[in-house]
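Below are two complexes that have subunit A in common, paired first with subunit B and then with subunit C.
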Partner chain A sequence: MPTTENTAARNAGNAGNAGKTANVANATKAPGVRVDGLTVVYRTPAGELPAVRGIDLELPAGTITGVVGESGSGKSTLALSLLNAVQPPGRISAGSVEIDGLGDVVKLSGEDLRKARGRHIGYVFQAAQNSLNPLKTVGKQLLDLGRSHEIEDLRGLVRDAKDLLGRMGLDGARVLDSHQHELSGGMRQRVGIMLALVLNAHLVVLDEPTTALDMITQANILRIVREVHAERGLTTLVITHDLGVVAEVADRLAVMYGGRLVEQGPTRDVLSAPRHPYTQGLLRAIPRLLGDIGEARALPGRPPTLGTVPARGCVFRERCALRMDVCETEEPPIVVRGPSITACHAVAAADAGTDTGADTTAGTATAGADAVPDAAHPAETADEPESAGAVGAAGAGEPAGVQGTRGEQP
Partner chain B sequence: MITGQNITKTFRQRGGVLAGRDVRALRGVDFTIPKGGAVSFIGESGCGKTTLGRIIAGLETYDSGEITIDGTPMSSLRPRKRQPYFRRIQMIHQDPYSALNPTRTIHQTLDAPLSLRAGQTGRPRSWVDERAEELLALVGLDPGYVLPRYPHQLSGGMRQRVVIARALTVDPEMLVADEAVSMIDVSLRLGILALLKDLRERLGVSVLFITHDVATARYIGDDGELYVIYRGQVVERGHVDTIISAPVHPYTQSLLSAIPVLHGLERPGEQPVVPTEALDESHHDAGCLFARRCPFRTDRCESEPPVLGRDEEFPQEHACFHPRRRDVVATPIGRG
Partner chain C sequence: MTVLIRRLAGHLARGLVMILVVTTVSFFVIRSVPGDPMAAKYEKLVEQGMSPEAAQRAVEVLYGFAPSGGLWQQYVDYMTGLLRLDLGQSLTVPGVGVSTVLFSAAKWTILPVLAGTLLSFLVGVVLGVYAAIRRSGKLGDALAISGSLLHGVPQYVLALLLMAVFTTLIPILPAGGTADIMYEPGLNAGYIGSLIQYATLPVLTYALASYGGWILAMKSSVVTVLGDDFILAAELRGMKRGIVFRYIARNAILPLFTILALSLGMLFGGAIFIERIFNYPGLGLMLIDSITNRDYALMGGAFLLITGAIIVANIVADLFYTVIDPRVRSGEGAP
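Moving on to the complex of A and B:
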């Protein structure tokens, strides 16, 4: 493919100029990524609180991984950590992010870090319209990007950009001549993807790529993400609150809650047989097009915020129908089954009870799932105030005891 | 009951680069919202569904047509006399973060409209506080906790419930919910939808639900009606479940085909419909507005505009010369 060759040639030429990043320029195909024990804290009046805690996640080279979570789950913080771009008052306090050909990005800083971003890691921001400069045409911004990465062959860069835009069904020349207000939401999102890929990055992070887009436009963008991923040989991470988006594009699915990874595995496995009570509840809470409406249930309670995440034990226990005493105090154990991983005391207990019988375990999991609606119903009206006492904890500095007593409900 | 006949609305661009380019937001829409009923408008952004909702709530003017509320045509009244009618239609916006005044506690937010109401109906002062607590309890909030707080101290889901409680202060006959759950966390959405359904059943409030997420429209009530709107025209209309399970208009089919499939839980529909082009609002069509994007268009579609109506073959109304059922919606895979 001529596009890739051009860019690769430019990169090679450029690597000579910037000796420091020479090793970095070797990453010309999909890199694998290993996130290990990653913890990100934010400084608040109540002290440093973890937005992301002890995350272990591998992005196998050449795959699409989807991270799903609600607001406050830490998914965007996780995504920013991949670029070592967490802004103060946040900081990465522990762990590493190893990217093939780049090393541990947590240790990178200054020029090396700036060069790695864009060149090796493409990032498509949430709400692409807000990440474009309203005063400059897309083409001018493209040239700025090229200059800041010391690309000499700017004509080649423009040619690649046009190719990419054409590939995504846009008239490249016209788009480069446009200001952002002249483009529709779907077009801007495609411009964002082009800017993330044009420097030939092979690791791409998409943060809520289709939020605020229409259904038909969303389907289009997701198709483009899949196709570009395959054609260019990428490792892709998609961050979203929408399980449907992940179901459409991702090979692997990771579910985040309260800054933790609670379940991960191959997308189809997780969707067809979710094991963590949160994943089960989330799937049950999604309105569906067909089937019995009565089966759908809102999860009781509400997602924790930075200030309300329990410091000890399981982060989901407040809303969990399978809650046990041990969940209050002990970190949930990691339960591995085949390619899937779940962090849950109840799942561990179920597995321990049935060493070999997969059927029995599945039965237990189903029984647990059935228990959810019963617990959900009485709690429905009282759901939100229940854990709400802690809303102000981070900001107003309420004593932590308040949330505990308020949250205590059988 | 609220009905509309042949409502049209054109937005004229005066200044700027778009000067002179008119946007025909509504091109003659009829609707009927029965007392205590549930009606949903679905369509892409820019299709006119929000404009229609705002017109129904009295927040937007219309160019021609007639809106009749409980048998009184609004054109027969002076604007001032229309107010009491439209006051009973309350709007719930998408963004509960900007719908509440950040400098007022929830108590103050509810107190103002309730005091006004108490004054009008000659109720004592004590009624105001009682009613505020009653309304908060009705929407599933703990009054003791919520009343003294400011909006920023509440979560998105709680705020949306407060917005609904505020709408209820005027004893509305109808709530217009415009994308009311799209900014709410997924695990809490069903709670808000269930609340709207509950208000319908308990208070007889009718609900107009405007959304681009078709699945949520089902949760307002199983007797609900669905209007599929495309470029300012209703292209398909009928019972919610009929349209979702057996759509006949290619535009409705495109919308439903675009909904992500939960692989592993669902099997994709076998005849997905994908528009042949992107939406181009500026295009002036003599025939069917969807013809240019429609994979099934014929010469007739390009020259003659189809009219919304019913035929003997299908239970729903549609505006298509070549209606056909297609299997576009993902079906749940049976357990076991």
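Moving on to the complex of A and C:
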């Protein structure tokens, strides 16, 4: 009975201590997600080319994980894979996506898959501005959604939707009575978030939730994402090209390049002490609010496309300053240090040389699980506008200058 | 509602101006066409050995009036007549009003062409959706190719082909006319059955000839909508297939309604080839005859009817849009 659960969670949240509610909810609701060896290929005239290759990623229950990468790095494909919704000519060719309570999503199909979408996994669409049927009011589409998932208490559903919209600063009744063209971009985005949550999904995937929104709306949306995450006890995956977004909301950060995960770990560790040369390059490319614009240094070269990504060895080697011979032929080893994981020959060599005690294994990347920050972490991040502002100054791989004004916090 | 009324008023005003312009232009164009029915009759009578005076009188008696006054005077007379909804007298069928002739021809055009248009619209739209969804499969290809082929074959070739097949190879349908003369015209089963039997081939021809356009238009419209973000979004929200299908169909069919309304307006132009081949006394045949006979009044009336129908169709299409498309309905205030 989603209605009562919603209400319970909301009441508790309103009572004051959002963080604590989240913890309580996490224990019962939020599913953990384990992506294992995920490979997605696209059929092209040149044969099937991998857009995402051998991804191992864990989304610990109750956390916000951010995935950053440039356009074409495969991050949206990864997001769609969580719903087993890779669009033709693409297909998941290997690997599994285990979601607590659902099992391996890759093996789901037909009605089971359809029911999982929306009900268990909420998806906030990349172009949420266009994610509504232009001919129907939001309310009618909400009812369509309810009927699709056999919700009997449609009145309760509408009530929940109004509450959620109100929670996000909108007039619920008015929005439900509106058509898409009567809503602004930020409002549509919030409607998208509402539709992803209203069925009480506890795994939420946000694909570029703030792209194409202005800075103030973006800040609002991110605040809403954080609050709703904490309040409802969700497991959240945020896909973005904007390191600032990740810095603001994510507990854990995964960096994608050329369809590979090159580095992952707690957001603050990765941002303050990046180990992979790509992550380091990304952070060096961000112009600071204070200081010379010339200090920001762009990565040389350009990211690989589906056709140019190397089939063997390290995908980043063409642009890497630490390139070695072994990068041409051997897959980068998985280097685990504390809660962070890096896939790089140079990092492995450095660790071996200094013998810092880090494990260098070729195993799967599940080591991060026990080092996951607690649920209070999002609040912590929010309390630090300074750090967020500093790294939030640019989108990775995007022309950086325009975003320099980003200083405001919700 | 006020938006609707304001739109309607604007349309009507524009429509009236349009009708005025078209009538004026067609009046002068028609009369500058070489040839003159009364002069032709007069010359014929003189050739037959009648004296010029007697011939002149005979022509006057035949048509019931003597041509008089300049072109300008005729124009004023014609327009004043129009204001009284008087289209004048037919010249080829002396003594019969133009509106009577138009009406008797219109009944043989409107029903068959309407039936043909709606039939091809329905079939084309449904198969168009299918062709779009299965566009990478064999059946989708076959449907699209059938559309292109039928779209490319001229109406009269189709008409002759169907006629050859259904009246000669498999003689199950009559080759021409409107109904069997053995039945008394009226509301009796035999006559109506015969009407339907005789109308089958013209309707079928018309439907097949326009089906290609519908299936191709609908297919491309559906393919466009399928690529729209909100369809993927609906699937990712786990919407039922039926609901997603309705989202697709309703959005894709919108642009086709304009084409449908316009082609219903064109219907008053008749289907000349089909009417000629099946000897169906509709508007198209009537128009051709009136032009050959230089029947000014009838030509003018027919043009007026066609113009009026297209203007009305445009208005209907536009008002229909305000009903089915909320983006048009609200008109103002969109962010």
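Simple rule for what comes next: the second predicted complex is superposed on the first by the 329 of 410 C-alpha atoms of A that agree within 3 Å, B and C clash if a C-alpha of one lies under 4 Å from a C-alpha of the other, contacts with A are read in each partner's own complex, and residues count from 1 in each chain.
To be clear about the criterion, contacts are C-beta pairs under 8 Å (C-beta built on N, C-alpha and C of every residue); 3 or more make two chains touch, one makes a residue touch a chain.
Keep in mind it's a predicted model, so treat the numbers as computed, not measured.
By the document's definition of touching, of the two partners only subunit C reaches A:130; subunit B does not. When the shared chain is aligned, subunit B comes close enough to touch A:243, but subunit C does not.
Touch criterion not met for A:311: it reaches neither subunit B nor subunit C.
Residue contacts after overlaying the shared chain place A:285 against subunit B, while subunit C stays out of touching range. In the superposition on chain A, A:117 contacts subunit C only, with no contact to subunit B. Between subunit B and subunit C, the partner in contact with more residues of subunit A is B. In the superposed model, A:183 lies in contact with subunit C only, and not with subunit B. Across the superposed pair, subunit B and subunit C both touch subunit A at residues 182, 184.
Here subunit C touches subunit A in the complex through residues 228-230, 232-241, 243, 247, 250-251, 254, 324-327, 330, 333-335, going by the rule given at the top. Here subunit B touches subunit A in the complex through residues 17, 44-45, 140-142, 145-146, 152-158, 161, 185-191, 193-194, 212-216, 218-219, 222, 244-245, 254-265, 274-275, 278-279, 329-333, going by the rule given at the top. Subunit A meets subunit C in the complex at residues 83, 85, 87, 114-119, 123, 125-128, 130-137, 144-145, 147-149, 179, 181-184, 192, 195-196.
Across the complex, subunit B is touched by residues 70-71, 169, 182, 184-186, 214-220, 222, 241-245, 247-248, 267-272, 281-283, 285-291, 293, 296-299, 302-303, 305, 380-385, 388-389, 391-392, 395-396 of subunit A.
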